[in-house]
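Should a chain be cited, it is by its letter among A, B and C, assigned in written order, with residues numbered from 1 in that chain.
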Amino acid sequence: MNRTIKALLYPYVVWIAMMIVVPFFLIFFYSITQSRPDSPAIFRFTLQHYREFFKTENINILSKSVILAVETTILCLVLGYPAAWIISKTNVNIQNMILLLFILPMWINMLLRTYAWQVILSRTGLLYTDTAVVIGMVYNFIPFMVLPIYTAITKIDKSLIEAANDLGASSKEAFLKVVFPLSMPGVITGIVMVFLPAVSSFAIPRLLGGGQYVLIGNLIEKQFYLLNNWNFGSAVSVILMILILISMRFMRKSGEISGRGGAILW
Amino acid sequence: MKRFFLVIFTVVAVFFITACSNKNQGGNDSGKQVLNVFNWGEYIGFDPVTINGVTYDNVIDAFEKIYNVKVNYETFDSNEAMYTKLIAGDARYDVIIPSDYMIERLIKQDRLNKLDFSLIPNYSLISQDIVNKLDEEYPDIEMNDYVVPYFYGTVGIVYDKTKVTKTVDSWSILWDEDYKKKIFMYDSQRDSLMVALKLLGYSMNTHDLDELQQAKEKLIEQKPLVYAYVGDSVNQQMIDGEAYLAVVYSGDAAYIMYNNPNMSFAIPKEGTNFWIDSMVIPKTSQNVELAHKFINFMISPEIARANTEYVMYTTPVEQVFNEVIEEDWANNYAYNPTIIDVFGGNIQTEVFRDPGDFIKEYDKIWSEVLSPERNYIVPIVIGGVVIIGLVAYLVLKKRKNRVY
Amino acid sequence: MVKGLKIQHKIYLGLMFLFLYAPIFVLVLYSFNASEAMGRWTGFTLKWYRELFRSDVIKNAFYYTIICAIISTIVSTVFGTVAAIGIYYHKKRVQDYVLNVNYLPVINPDIVTAVSLMLLYISVGIQRGFTTMVLAHIMFSTPYVILSVLPRLQAMDPHLIDAAQDLGATQLQAVRKVIIPEIMPGIIAGMLIAFTMSIDDFVISYFNTSGGVTNLSIEIFNMAKRRIRPTVNALATLMVAVIVMFVFIINRIGSKKKMEYRLKEDEK
């Protein structure tokens, strides 16, 4: 019975081999080789690009990106969780509409929205400050936090909450001991979906913080655009990937610890 | 309410349909020739233009209709991005409009076609001053064999004359404490390094590491006074009066001054960068003849006029330049400083030369300028320890709970 | 605990929406601004809307953006759903392998994905253009679809398929009539995410297209160097209006269906 259904997977495996594995392998390859500028076919293996990364300015850049991403993620969580919870409590008929209205701004070009923020922030004198950057980042990523948390909350079996109430818990206790822990998978997903793009984002910090904001995304982009240094660019990309994979591991661990593993998006 | 939505929907539907029909007209059409143009963003006339009594939507539309061809118009935002795309090899561009130093690189790498000026009769309309300048500044390559100038200008300081009462004639005003946080610097290594180098009296093309270090020190010294290092949006922000002083290209200054009468433009006496963007035909072009026609078209008087009126950058087409400064730009120093000061030798200007691989050094210096003062390593280590501690705590807690 | 919404909750949500729509409001407002630069209001005008209809560059970009988004969304949704179903029925080890690779584009910064694809296209010698752009979009959208559909599959009662087959359905019929409806919310969610990712994409498209094929993000980015014409604001405004309209229509249809359902229930 399962054979036909199992076969459904095979086209996709071919696809990811071609479109994901090979490209990333190419990046990895570029990161550990160096070819002569005039004859790209001749190359040698080297770790120089990785060594080049471990200089103070680059580490600083990486740190700044990570710190900014962490701030953004925490704020999104603090502001987004209540929003998700409130939406889950609204009239069931309009919940979907509210969610759609939540996502809608994301369909308007990100650059345009950020320019609009420039106008707003300059009016309030906040432009080109750290606050401006955080506001811009939170604005851009908060839907990614709210949606998974909302999904997780709505999946919770209502009878569990009733049971808690029957056993004498106040609504506050019911929330802390039942709802919040059970919504954890959603929280984890939200954190992942905000932190990852945030750490590599560079457009918003550049526009709202001024050119002083040089982040890891800038660094990588510069290598490919400006400096024609694809090898170093690939090395930094690999380093970033590794870092992200490590943090994903941590997420997974804490996700499993709190009860449910795996990422739920919806 | 419903009617309102219906209107919007119809408008969008019509828009989409016209967009689609535009597409179909072009691509699979009955053997219409195709021209691939690669230019800066917002760098061609997008307002309606009238030629011989017929009005066209914009310059590209005019060319398409008059010559019965299809134009694939693509844009780039920096010379380097253009270069990356060009050498990646798959795009067959027919006409590209890069900057002087990039053209220098392309010529040296033998990527450009020499122009057949018999196909560009309008070339005689180009100001001889510009042509000579190109010869002077790039003596080792025959630039004029490969290019037709498109726009040119300088880099200077645009400032709010109602707020800046001191004389603006030196780059040093950008280091003036009185204007703290009201100064915009350009978020570009070459342009900002240029400012510092000129202030110190050095060449903007220097490869001397010592001079570059000094420039770096100067820029770091300036950092607390800088409101922001902006790339784009400086135009809009200056029009809004966000800052009092900004380093801008003369064309952008012209645009700013046009939209904000409080603004004025000055070229510092220490000298500045003089730049020329020109039209070239890469060797990978598949339609060289049509490319020549397009270039000729672009410097025809009506089109050159349409372009310069829209973009507000200075045109090298002499008769258009003369007309335009009589009418609109008489008081706009950003638009026409060159005749008197630049070509007359009052102000020293330099063109950028292709840095080649040395760009990495420039970039290093620039990164050091922009580098944050605080050291982030300590917070990161602390953060890492905290996270590990948290996870360890949770693991232990889970283990404890299992014991019943 | 079926509590109604307290007033402070409503206020919180209201503030959140205010925050979300503030820049949208600014964009819409300035699409009617007579001045070219955003930031200073100099008068009301519709000229940007007129120019929008004339602007080949923007129309071209809009056309490619939408077509690419629609095609890549449809393809990645179908592909992703099929793949998710396939994954679900394999053993855990296979699942893990596939999923780990599958999520690489999700966790990677766009610039890395963008460049890796570009390297691929250059090495293989494919001319970059519309096809490569669409393929790239499918590549990064499909994992999100899978991410969205798989949990629904995992939450589904595994005996449903058996029940269907006991009642005489073939495998494919079982899939179509039983599984798909069960996971439909996940499919729809995945579709929405795929569409969102595609329509706003910049970096990946930028590195993987050329020859006159472009999209809105690329064009706006290139315009930004000099100035952003409010024509783009006009386009954004129209898009907002259309989307809001669709949202309301869908909601209307949804609640109508619920009303009918409830009436039918009452009749029983």
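Brief remarks on what is shown
In the analysis below, contacts are C-beta pairs under 8 Å (C-beta built on N, C-alpha and C of every residue); 3 or more make two chains touch, one makes a residue touch a chain.
What you see is a predicted model; the values in this text were computed from it and never measured.
Taken as a graph of touching chains, this assembly is fully connected, with contact between every pair of chains.
Across the two candidate interfaces, A-B and A-C, the one carrying more C-beta contacts is A-C. Subunit A and subunit B, compared by their mean Cα positions, are separated by 32 Å.
The geometric centre of subunit A is 16 Å away from that of subunit C, both derived from CA atoms. Multi-chain contact residues of subunit A, defined as those touching 2 or more other chains: 115, 122, 224.
Residues of subunit B found to touch two or more other chains are 78, 231, 233, 236-237, 240.
With touch defined as above, residues shared between interfaces to two or more other chains in subunit C number as follows: 38-39, 221, 224, 228, 239, 248. Taken together, the subunit A residues at the contact with subunit B in this complex read 37, 56-57, 59-60, 63-64, 66-67, 70, 115, 118, 122, 127-128, 206-207, 209-212, 214, 222, 224-229, 250, 253-254, 257-258. By the touch rule above, subunit C contacts subunit B in their complex via residues 35-40, 49, 51-57, 59-60, 62-63, 66, 118, 121-122, 126-129, 210-212, 214, 218-219, 221-229, 238-239, 241-242, 245, 248.
Contact residues of subunit A toward subunit C in the complex are 1-2, 4-13, 15-16, 19-24, 26-27, 30, 79, 82-83, 86-87, 89-90, 93-94, 96-98, 100-117, 119-120, 122, 139, 142-143, 155, 158, 161-162, 165, 171, 174, 192, 196-197, 199-200, 203, 216-217, 220-221, 224, 230, 233-234, 237, 240-241, 244-245, 248, 262-266. Of all residues in subunit C, only 1, 3, 5, 9-10, 12-13, 16-17, 19-24, 26-27, 30, 38-39, 79, 82-83, 85-87, 89-90, 98, 101-102, 104-113, 115-117, 119-120, 123, 135, 139, 142, 144, 147-148, 151-152, 154-155, 161, 165, 171-172, 175, 185-186, 189-190, 192-193, 195-196, 199-200, 202-203, 207, 216-217, 220-221, 224, 228, 232-233, 236, 239-240, 243-244, 247-248, 250-251, 254-255, 258 touch subunit A in the complex they form. Against subunit A, the residues of subunit B that register as touching in their complex are 78, 80-81, 84, 185, 187, 223, 227-231, 233, 236-237, 240, 242, 357, 359-360, 363, 367-368, 370-372, 375-377, 379-380, 383, 387, 390-391, 394-395, 397-398.
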